[in-house]
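Scrolling down, you'll hit the structures one after another.
Paired with subunit B in one complex and with subunit C in the other, subunit A is shared by the two complexes that follow.
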Partner chain A sequence: MAGNEKKEIKLLRIAGRLRGTRELNLIVIIAAVSVVINIFQPTFLTRFNVQVISRQLAVFGLLSIAQTFVIIVLGIDLSVGSIVAFTGIITAMVFAATENVVLAVGAALGFALVIGFYHGILVTKVKMAPFVVTLGSLSIFRGLSFVLSRGYPILIRSPRIQWLGQGLIGPFPVPLVILFAVVIYTVFILHFSKLGRYIYTIGGNPVAARMSGVPVNAVIIYVFCQATLLASIVGLIVAGRMAQGLASVAAGYELTAVAGAVIGGTSFLGGQGTVIGTVFGALVMSMIGNVLITLRVDAYWYNLVTGLIIIIVVAADTLLAKRSKRN
Partner chain B sequence: MSKKSAGLHAAPLARIGRGVRKFFRLRESVALVLLVIFAFLVYLINPRFLSAYNLQSLARQIAIFGFPAIAATLIIISAGIDLSFGSMIAFYGVIAGMLMESGFGVGTTVAAVLALGMMVGLYHGSMISIVKLSPFIVTLASLSIFRGIAVISTRGYPVRITEEGFLWIGQEFIFGIPVPFVLFILTTLVFHYLLNYTAFGKHLYAIGGNPEAAHLSGISHKKTIIMVYMIAGALTAFGAIIMASRLAQGMPGIARAYELRIIASAVIGGTSLYGGVGTVFGAVLGASLLALIENMLVLSRVDSWWNDVVIGVVIVIAVWVDVVATRRRLNVKLHGK
Partner chain C sequence: MNGDTLLKMKDISKSFPGVRALDGVDFDVNEGEIVALVGENGAGKSTLIKILAGIYQRDSGKIIISGEEVHPDNPGDSINLGISVIHQELNLVPEMNILENIFLGQEIRSSSGLGRMLRRLDANAMKLKTQQTLKRLGVSMDPFTPIKELSVAQQQLVEIAKALSLNARILVMDEPTSSLAEKDVDSLLELMKTLREQGVTIVFITHRLDEVFKIADRAVVLRDGKSVGQKHIKDTTKEEIISMMVGRVLDQLFPKIEIDIGNPVLEVKNLNRGRLVRNVEFEIRQGEIVGLSGLVGSGRTEMARALFGIDKRDSGDFLIDGEPVQLDSPRRSIRAGIGFVPEDRKSQGLILRMAIYQNMTLPSIHEYTSMGYLNRREELKTTQRFIKDLQIRTTGPKAIVHFLSGGNQQKVVLGKWLAMNPKILILDEPTRGVDVGAKAEIHALISRFAQQGMGILLISSELPEILGMCDRVLVMSQGTIVANYGREDATQENIMKKAVGTV
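So, the complex of A and B:
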């Protein structure tokens, strides 16, 4: 009984916090923009186009969630784009060699865990800056992807791996269902578990966290492992969608993922950020390209619009926060 | 360090030993040692490494990496970061080409591009120090925005540059030394002076090392940050001019993902991402190491795919050694050994 009540209070508190927050503002803006665009171009909110957007959302969403956890503990993971390509290549090569789906998928996830563990160890034990550690990996694993594949795409002739990227469950694309599952898991971890409280504590004040007995190193290693693991899931989705492992894929996605997280309210000062906010931030990032195509704007505009949205959202947010503080 | 007057009377060997130990306490020593090892390796693999032609192209490459690497070093010393180098190099190059295409002279074009660089720096600096946005986000947005402008204004086509005077900057030689390298060495000396012997330099280290102490001792955060981004903007613009001149065109798609390589050369040269630490000499070493690695892979006829792998490994090793050495250095200081 008491436990249930506690949970209810917790849920109410979260609902209360949601009101007038970043998450709500983003939903309203996204919905309004979608409706307006749909008036001009009725193809925008068709089932097909929404599925297209949601497939992209799955990719950016998973990477942005990974980034959110890392940024909350005052880190950054610049390697996720390269990990996407690398794990895609690994999957394709293992499958080509063994014809075994479980082995191919397992190899990708396994490699990702090892890489994440390596990041975590260098950050916590050697005390290197996360930026440098993951910058090294960005370079290394992009390079290895090219070395292993010699730049050629490696075909994946497995319907089950392709299903991960192309399949539908009811009307829902499989990647979206995966994203949904990961959202539920990460919301639980971040907002309802001890681990989540540790993560926020470390981000808020790492020294205080260590002094009050938070297993800082273990938590940071977990966060980096989760980041590369999510990147490898994206690697499987992307490889499945294209039915091949491709070394050049997902270049620059690490920064798109950061942008998604930050638009969703994650702060570089640490200790701030939510999974739901991040998913909406990622939705903004995954809609930009689609909206421009729908409105028949030249593809040249994509970069400019993306950059302007990032700086305007973040600047407006900071200025509004300053003003509300003054009041 | 103890200040015994043993220096003069000590046996020469001991003095050398002390000198060696002192050398390895320099933050730049890691990059320098790696540089010598790599240079020797390249020479062993392919003696043509020391041919005049190869050294000239190596020097030019060092200059091209070097200008933005010094810019990155200054910014990282201030505890900031700049992710926009690659897009900026494309943007300024395109602007330079378009200015000359519409009839402006070489002098005007160079001056205009440098001024534009300082304006972009002013924008970055104000967003960071006045609006208080994180440097990462501000320059991440710029990475997108300025690549976008470069692509939109040219519709993706390169802008050809035929002005002789402009091409001289990137392609000619002074006594057999490539002009960009001569300019780079001069710039290095200027910035070495700026960092070590001027109030601005002291303020920069203070703000990066301990912002609160800097604030309490009356150093203007806004002024210093805006200034460092403006200087960095001009340096990057100059690097872009050399690149455009070298290629005889402003290319909107050039230097993609350069920013991380530029930051890498600063970091390899001993600049700390936590701020307050770094030297121009380190930036030169870092840029040289990156240029040398590229050169080595070409000369040894290894697949260019390995380039990224080797650079990544060098980044991790250089910083790893540096972190361990710093810890030891701190121990030495604390325990007076």
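So, the complex of A and C:
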């Protein structure tokens, strides 16, 4: 009797400790799934396919990190997919007009910052719900992209912009290197800086945060600016990869980004989430399509599988959390 | 008025974890009278009413209505027994109109033909009845006006109309005048008299003795969860009621340390915010503990919030150490050297899901930051020091605040403000909801802060706490400071008289 109890306590303790490191859980699962798939289809873990996955990871990873920050402060940014397309169009048009790479890239980043600032002001000063503000932008900037390009692709004849999407640094695709740099920056901000503490605090209790001297509005504006800025970097990567600005790209990516964040442990209750967890969540989202193709599953299954994975991961996590709380 | 006993509550007791809210309370109401239920904050008035309304269940005791014992287990039972309670926070749906609110949950349906089969609502019947009821109250309002377009006073009338349309035999009003402007108070009191003439029995909870003496037939006094006694209004005086409300001996819970009082550290002038903060002026000196007393709704918290820059104010000038300062946001006030322990630690003072150290260093976080980098080791060290100093019972600085007891949570809030080393500390109900032991510890800490030269503003609803701790006592009533007593003149009677608005 006593022995059994001890065993049970020990098991629970291990479960509890594992729960604390969701990142570890995810990477173990991802690695195991990859190895198993590779046994059936040895093409899966080839260098080429891993590069394919990592390019997709860069796109979803950057957007999921953007989303993670916003969700931690109790918001959501539905506009990121449209901003990807819009900034791609802007880059293409500015380059077509000026042949100047710096201007073209700068215009994309600059527009993104202005849009993020506008989101932040509407949320903090006009006190609109982030969902509504960015739902508006989702439509506005997709629409503006179509208006500006009249629906046609705008070619980008700049090898340097194309390099952002297609190039390699050593064996690493450029987008992956960009993701790596952004991860380092955002890990520092979120987990080691004063700003990061402010971000978690606002997500935990915005009223107490304000009354403790946290500049709540400024922090929220920063978070929305960072979200659109990261979306514009993705815009450059996608435009570079396709060598064109295209109004219809990245449709629905805002929700893929939310899924990546949530799988990675970001909570809609606010105040919870990590950059590394999110990157692994985004890796899961990047692999689903590739895995299905590798296993020659009909493409129609993609949405269904994606949805199931989101539900299963989050349900498992919630149930585990409940159990560890009870003990 | 036939004067038969309509309601009898006998030997009612009720405990909450750690508190005995009611201890053998008796309360009778006769048919057709207005009874005032009076007592200090926390005397048990609201608990008693909530038991009558079926919101709380009594632990022991009997409730007898018209000679029959009843058991209101939920608000519905209570309404069926003819008891209608109008709570301090009105329970109307702002988006719906007057008629819809009055008939919410008890809509009249068509009684004949197809309409009956379809359970159609009988709009005409409801409109007619609403108009009748409103007429009975002597008001002319369109039954289709949405609630959100009405003033607070008008909304209250709708609540009363709703109660009457439920055929209430006893109308219970919890602090009905606390949120009303003066002229609205008078017309409400008139209305209550009219209702009494129409045979409605009214129980009236209030702090304001003036009102009691204007309209009530009888006053029942509660203190510390016990019945102290009752008086017919025509046989008593305000002074007598006040002494019944406060009459207890001061205990020795409050370790007051004599401190030399220095120069003014905070001067507040011309502070205004709406109806609840009007022309407030006062100063706090170094090492001085200034108490701020007043009834619930007198504007104490609103004044402190306006001072600290949480709510936008209409006007206000502030000097700290003689220098003018702008206190436009909590962030600025903190920079200027003010700390603020809010009244509700869970919703305003703490981030419950975060660790002690993350809460503790928040107001002073720039001290742990260089080039944006947060020095966690330093944070943990400081927090460890305060845990020891304030005797916070916990496993360590990384413990999640949510799992601490109320008293220990409150010490974390105190610690977080001490860590920024304020010149002025505002404490709003710092001992609310903490157990007796922790309360004494918090009092000792407050005295110690003053000894270190801090100026302290202590807002409290507990008179013994104010009297025991403070060098000076300000009394607030209806948004203004109506009295400023030195320690020797501050007595329960004096303060209470000023607070209830008696000269």
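Methods note: the second predicted complex is superposed on the first by the 307 of 327 C-alpha atoms of A that agree within 3 Å, B and C clash if a C-alpha of one lies under 4 Å from a C-alpha of the other, contacts with A are read in each partner's own complex, and residues count from 1 in each chain.
Keep this in mind: contacts are C-beta pairs under 8 Å (C-beta built on N, C-alpha and C of every residue); 3 or more make two chains touch, one makes a residue touch a chain.
Note that the coordinates shown come from a computational prediction; the quantities given were computed from them, not determined experimentally.
By the touch criterion defined above, A:Val314 reaches subunit B but does not reach subunit C. Judged by the touch definition given at the top, the superposed model places A:Trp301 against subunit B, while subunit C stays out of reach.
In the overlay built on the shared chain, the residue A:Thr201 is in contact with subunit C alone; subunit B does not reach it.
When the shared chain is aligned, no partner comes close enough to touch A:Arg47: not subunit B, not subunit C.
After overlaying the two complexes on the shared chain, residue contacts for A:Pro215 are found with subunit C alone; subunit B is out of touch. Of the two partner chains placed by superposition, only subunit B is touched by A:Gly143; subunit C is not.
When the two complexes are superposed, the chain touching more residues of subunit A, out of subunit B and subunit C, is B. Touched by subunit B in one complex and by subunit C in the other is not one residue of subunit A.
The residues of subunit A lying in touch with subunit B in their complex are 76, 78, 122, 126-129, 131-133, 135-144, 146-147, 150-151, 251-252, 255, 258-259, 262, 268-269, 298, 300-308, 310-311, 314-315, 318-319, 322.
Across the interface of their complex, subunit A is touched by residues 81, 83, 127, 131-134, 136-138, 140-149, 151-152, 155-156, 257, 260, 263-264, 267, 272-274, 303, 305-313, 315-316, 319-320, 323-324, 327 of subunit B.
In the complex of the two chains, the subunit A residues touching subunit C come out as 188-189, 192-197, 200-201, 204-205, 207-215, 271-272.
On the side of subunit C, the complex with subunit A involves touching residues 308, 310, 329-331, 334-335, 340, 342, 347-354, 358, 362-363, 365-366, 368-369, 372-374, 416.
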